[in-house]
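The same chain A turns up in both complexes below, where it pairs with chain B and then with chain C.
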Partner chain A sequence: MVNRLPGLIALALIAALVGSAMIGLIVAGGGDGSFGPWSYIGSVIRISVIQAALSTLASLLLGAAIALALARRTRFFGRPVLIAALNVATVLPAIVTVFAIVAVFGRSGWLGDISRWFGFDYGSWVFGLEGVLLAHLLLNAPLAARVFLAALAAIAPEHWRLAAQLGMPPRAIFRFIDLPVLIRESAGIAALIFLACFTSFAIVLALGGGPAVSTLEVAIFEAIRFEGDFQRAALLAVLQIAISLALLAPLIFLFSRRAPEAMPTGLSALRPDIGATTTKLADRIILIGGGAFVIVPLAAIVVAGSSAVATLAVPVVARALATSVAIGVPAGFLSVGLALALATLGRHLRLQSSRRRTADLIGLTALLILVVSPLTLSAGLFAVLRSVVSPFAIAIPLIIIVNALMALPFTYRQIEPPLLLAAERYGRLADSLGVKGLPRLRLMDWPLLKSPLIVALTMAIALSLGDLGVAAFFGTGDLVTLPVLLFERLSAYRTAEAASISLLLSLLVLAMFLIAQRWSGGWYARTR
Partner chain B sequence: MLELDSVRLVYPDFNVDYDLAVPGGALCALIGPSGGGKTTLLHTIAGFAKPESGTIRFGGIDLTPLPPAERPLSILFQDHNLFPHLNAAQNIGLGLDPRLKLSAEQKHRVDGALARVELASLGARRPAELSGGQRQRVALARALVRDRLLMLLDEPFTGLDPGLRIDMIGLVDALRKERGLTVLMAIHAPEDAAPVADLMAFIDEGRVAIVGPPEEMMQRGRSPALDRYFRR
Partner chain C sequence: MRTHIIVAIAAAAVLGTTLAASAQDRPTLTVYTYSSFAGEYGPGGAIKENFEAECGCFLRWIETGDAGTLLARLQLEGNSTTADIVLGLDTNLIALARQTGQFAEHEIELGALDLPVEWTDEIFIPFDWGWFAFVYDSATLESPPTSLAELIADPDGPSVIVQDPRTSSPGLGLLLWMKQMFGDEADEAWASLSPRIVTVTRGWSEAYGLFLEGEADMVLSYTTSPAYHIAVEGETRYRAAIFAEGHMMQVEVAGIIAGTDQPELARQFLRFMVSDGFQSAIPEGNWMYPAVVPADGLPEAFAALGQPPTSFLLPPEEVEVNRRAWIDEWLAAMTR
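Moving on, here comes the complex of A and B:
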């Protein structure tokens, strides 16, 4: 049947890729059992857990503080700028975040310059745990703030009227209304941030300061690329999957809810706690301080990048740009195609009530890919392929496939709910009218699906454009993407060139985000 | 006595202008088409919407300058009357202390209110574990412990089964007679309120179009607009 075939093919393809990668790793790691330095692996895991826990805690706290202050201060003068900055910071490629952190907090960055002007040199503390934490905070606190703010904005207006009627003071409003909402949202978002920081690659590789701070993801990369040690890579990958799996439960909770909501721009001024002077002062401090932490690094990219635009006019940048686009665009389409096929199959099964379990399993498949990190998958495919063909010879298709799979949890999450919604809304009506096949797709599914498809596509392209790990893993001297080039320039302290590439990458990703934003807003409004 | 004297509110696409007098201790049902201004009337009395001009008086006090919490009234909405993560007893307790620091005596009063709405054993349940009717009873119990003389009801029983709706309106009527409350109740199905209401007010196009005893309002020929509303 037309409805099922693409889904079954997609499922088979994913199973074949992920399955063979896993088997490849196990076989490669099977060897003689001498897995290498346990103490090294143990220390990597310990520091990763500490690092990820601190990053998550800080991101949640800062995100919650910013979200609460924004929810209360609907007329704060910098509100539109701050909200735009939060959106941009969330989609920034990790390696660009590294540049921004170095440009602001580094020894020769803005803060370093200012402190030297006052006569003291604080050294290069940005390389190490502090820098990794700062970069993770810059990337994830805005994400948490957006999720929290959307949840706070969704509180029923009756609750605010009730709070006013009962005369609840600000602290009681926080305790009885805001806090439960923040806690409810925290489980899922914390798991997502922890997983992202625990498997962080670009930030740790660039700012970790060698062995001081590492992650399993970086260790996998180093084991294969620098030492060709498959046994160690396999062991690291299995450990990483095991730890990530444990985090999956709260993630399922997060992903099982409705697709992401658009950023609320016009929160109603119903909240009765906006008048108190203490909250007014606290909110202002949070908005200005937290806002500066997000906005200043973004400004640094723009300022440093635009003054070095001339450095972009070299063939190597043009080639890297072409390579990035040639990888990102097909990866985006492949990811959306896989998600659409899986979601259609899932819907087909879900509508037969007896096979709901099977349908849930398909959703879980898309989610499970989060657990298989980019480098685990890359290492596995590398191990399988190296006896057949040089993985470097087919690097571009490999990078496209791995990037498409990595984006799948996000594309699937965009596409599945509206597809199901279309069936719920019009399924019986279409059946009774006898609308089938293509006309059904065009008349019933497409209107609800058009916007999420565009959002999913641009998100997947943006993710893929920002990827450093997979491209660096399979890349060789000829194959250089923009993030790889940026990493090389950063490592060589060629700051001006790094700045201009950061700006270029940011603008590319921002363009994708703006397209998505425009369409997601429309979709949101229509499905309410 | 509740009096609204030329209470005007101006919205971009909608204006209202209310004149209404309800004697103390009376139950007045607000009827009329959706979008006609019933909810706006209740929100204005409760202080959620600020009138451009006019005065609202209850028991001789001008309510217009008072913030919502200081007005001598309680309000029930159609939905979301309870905070979902607090149990029934805590939701009621908020009516006594908005910080929820309750004395033994106050806890006793919460138990009494729960018993009065026939939910004595369900105080520990959260809203999600209560039926729609039980949730509205909890909200009524909170209004009881607040002990305010004016009660505003914004179609709180609309989603319930017909029999349950009659029971709930009966409970409201009994409570107002016990406590001497003045009740303003927006209602979707006028026939439900007819047996207990002293007055019916027909709200249409932002105005209190006609006020009269239910038996007259339910009769044909009182006014063309009212007859159109009832399709008679």
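Moving on, here comes the complex of A and C:
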């Protein structure tokens, strides 16, 4: 019973929340059936697809270029800095990325100042498609680079020896050895990046420059918070779920396939193409250009933020920090609790060989949450609750619940494998010794589970700390989290205050990830 | 040791109850308004001080973005709203506001108002008015357009920042202005202006802030905005472009929430709203024309302001019937 009850409760809770949100939206969407301007909705979808496709393509190209250059150049001054910057850029909250882009590329940013110094004013172009693409590139190219680099570094040394023996020129090496690896890795990472950009919220809200560049996620937010139009929100949500589901199908396959651990061989130094003048030149350009694109915006956060650190000493920042923590920490624990309950139930079923299918379904439940976007879930819960109680009055619990559910795919993926491993390794021994109940948990599960639990908790807290959409959706004037405050400061163009809040938020999220990394061992590497 | 703690707790409890009791003696009036009204530079602070001096109450401003957001929030909150008064809607939104059924009649005998239109509404009372206009920096934009048609038509014309008509009353005002000027071709006009719209902001404050940072040549604001720069900064370079076709007008209003638990206090506030204690804070706080000109007249800076040759104001009902369709038309034109 201990094995099943918490899991069944968790499953019922998730089903009830997601199910009632969906039904709530559909009922609210019933209405008179006039869904309004198809040309607008069609445009939103068209622009989202174009934007996400361009973002994905650019991220993959830049990511692959950086990864190749890093794979070829295993030793140069600044390599550790670049690797660290790639890691940091992928975990930054989206709204902080917005600040970094504005601080560097904006008209009053570093690039704008430099070009004006040369007597050239390039005006405001950071709003609109260009700004959105830049921000998505800064967030996702480093992610692609890390995945590609791990795969390239794992190429077996035999390949390099053979290539050297055959005297393959750099172009042939790229075509026959690197390219197949890059293409193999591209499918999964492309789907992930496309989905992230297609449902992007904070970046599009802040940099889209009005309805001309939008996503369904932003349109759902606007339909309800601007116009109180649940009907349109429901239609947009259904469309988004349908499109995400089609996109996610290949991802679910990739997620469920346990990827073989890519072990870096450390033998890239054997690559015969590192001596060629062409690759030397290309790598130099890529590492300087690509490196600057990633490092300079991060540096802007640190430089602008630390010089404006005095602006943090106002009550509203302290209150926002307290609210963010009061939401992030419970959301993290709730997410881990749900994941643990689900994984325990899944393990119980999996160990009975006849129930394996059912066990797979539980894993799928955790993943399917990715399809129900944060704002779809928020809008649905709002529609259900509003006849009973004002959702604004219970905003904080609602934000905690939605954030916890949103982190579930990640927390579940941390917790499920070691839990299963513990049973596989020690289950029979524990059975034969008659170890049951709490001692079984302490002796059998805890040693393997401790680190993944901490990793899952810190990741979930970090995700929740960076959330803008859900907090902005349920929040009214009084409820201000750090990302909401940052968004307000950015909109009001109070750059110094935006800088210091960006730095504070980045440090908080980074601290979470550093704790995760400290405890991660092998598990952390596998999730990224 | 333990007795000390008990004494301390008891003292704190007594103190706490006393404070709570004295707070209860003074009722709180909660007013929803747009952010630039209650914000740091708005008239909210002075008005709060003046009203609290005579009401024996607390006045609590709740800022909610711009006027459109204000109304959407009220609709979403329904009967559970904590607002006693909503201040900052305009005539273009009052028909929609009336439809929500959340407002009560004001039942106040209004004296003479200094409005360019006659006022008979039984629910809403005006507190200020003005003309929408594009404001520019004459130091950087030497020859501003002299008509809306010129602004729209010239592909090399000035860049602009406007507000979203779904969230902002100036944004909605411009939408109606365009509709008034171009009728069925308004969507063409928007599509023609669209490449020069640097960004569409949610509220007036964001737009004006971006403009002052130099992000665009012109910003949708009011003919009265330059008065701020003249009076506060002694700066005359900011001007409002006066358009030959005439300007859309705005009358800003407030109303009482039907479910308020402070109906008397709310009425007292609305009466106060058309008195000197409130109106004197409007010209050099909200930078609009007061609904009742205060005893010592309009400030000097207002004398220098340009005035449009013609004004438009659409009947609220006409706006309400078409608002949704026109916004959808705008959305479609902007995403073309």
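Throughout what follows, the second predicted complex is superposed on the first by the 475 of 528 C-alpha atoms of A that agree within 3 Å, B and C clash if a C-alpha of one lies under 4 Å from a C-alpha of the other, contacts with A are read in each partner's own complex, and residues count from 1 in each chain.
By definition in this document, a residue touches a chain if its C-beta (ideal position, glycine included) is under 8 Å from a C-beta of that chain, and two chains touch if they have at least 3 such contacts.
What you are looking at is a predicted structure, and each value in this text was computed from that prediction instead of being measured.
Colleague: Quick check for you: in the superposed arrangement, does A:Ala67 touch first (chain B), second (chain C), both or neither?
Modeller: Neither chain B nor chain C is touched by A:Ala67.
Colleague: Using the touch definition from the top, say if A:Ala212 reaches chain B (first), chain C (second), both or neither.
Modeller: Once the two structures are laid over each other on A, A:Ala212 reaches chain C alone.
Colleague: Thinking of the overlay built on chain A, is A:Ser43 touched by chain B (first), by chain C (second), by both, or by neither?
Modeller: second
Colleague: Quick one: classify A:Gly167 as touching chain B (first), chain C (second), both or neither.
Modeller: first
Colleague: Could you say whether A:Gly477 touches chain B, chain C, both of them, or neither, answering first, second, both or neither?
Modeller: It touches chain C, and chain B stays clear.
Colleague: With both structures fitted on chain A, tell me whether chain B or chain C touches more of chain A's residues.
Modeller: C
Colleague: Using the superposition on chain A described above, determine whether A:Ala393 touches chain B (first), chain C (second), both, or neither.
Modeller: Touch status of A:Ala393: second partner only.
Colleague: Within their complex, state which residues of chain A touch chain B.
Modeller: Residues 156, 158-159, 161-169, 171-172, 176-177, 180, 270, 272 of chain A touch chain B in their complex.
Colleague: Under the touch definition given earlier, write down the residues of chain B that touch chain A in their complex.
Modeller: Per the stated touch rule, the residues are 43, 46-48, 67-70, 74-75, 77, 79-81, 83-86, 94-95, 98-100, 146.
Colleague: Which positions of chain A touch chain C when the two form their complex?
Modeller: Touching chain C: residues 36-37, 39-40, 43-44, 47, 107-108, 123-124, 127-128, 209-212, 214, 222, 224-228, 382, 386, 389-393, 476-478, 491-494 of chain A.
Colleague: State the interface residues of chain C toward chain A in the complex, per the touch definition above.
Modeller: So the residues of chain C in touch with chain A come to 62-64, 68-69, 72-73, 75-78, 80-81, 159, 164, 166-167, 194, 197-202, 205-206, 209-210, 213-216, 324, 328-329, 331-332, 334-336.
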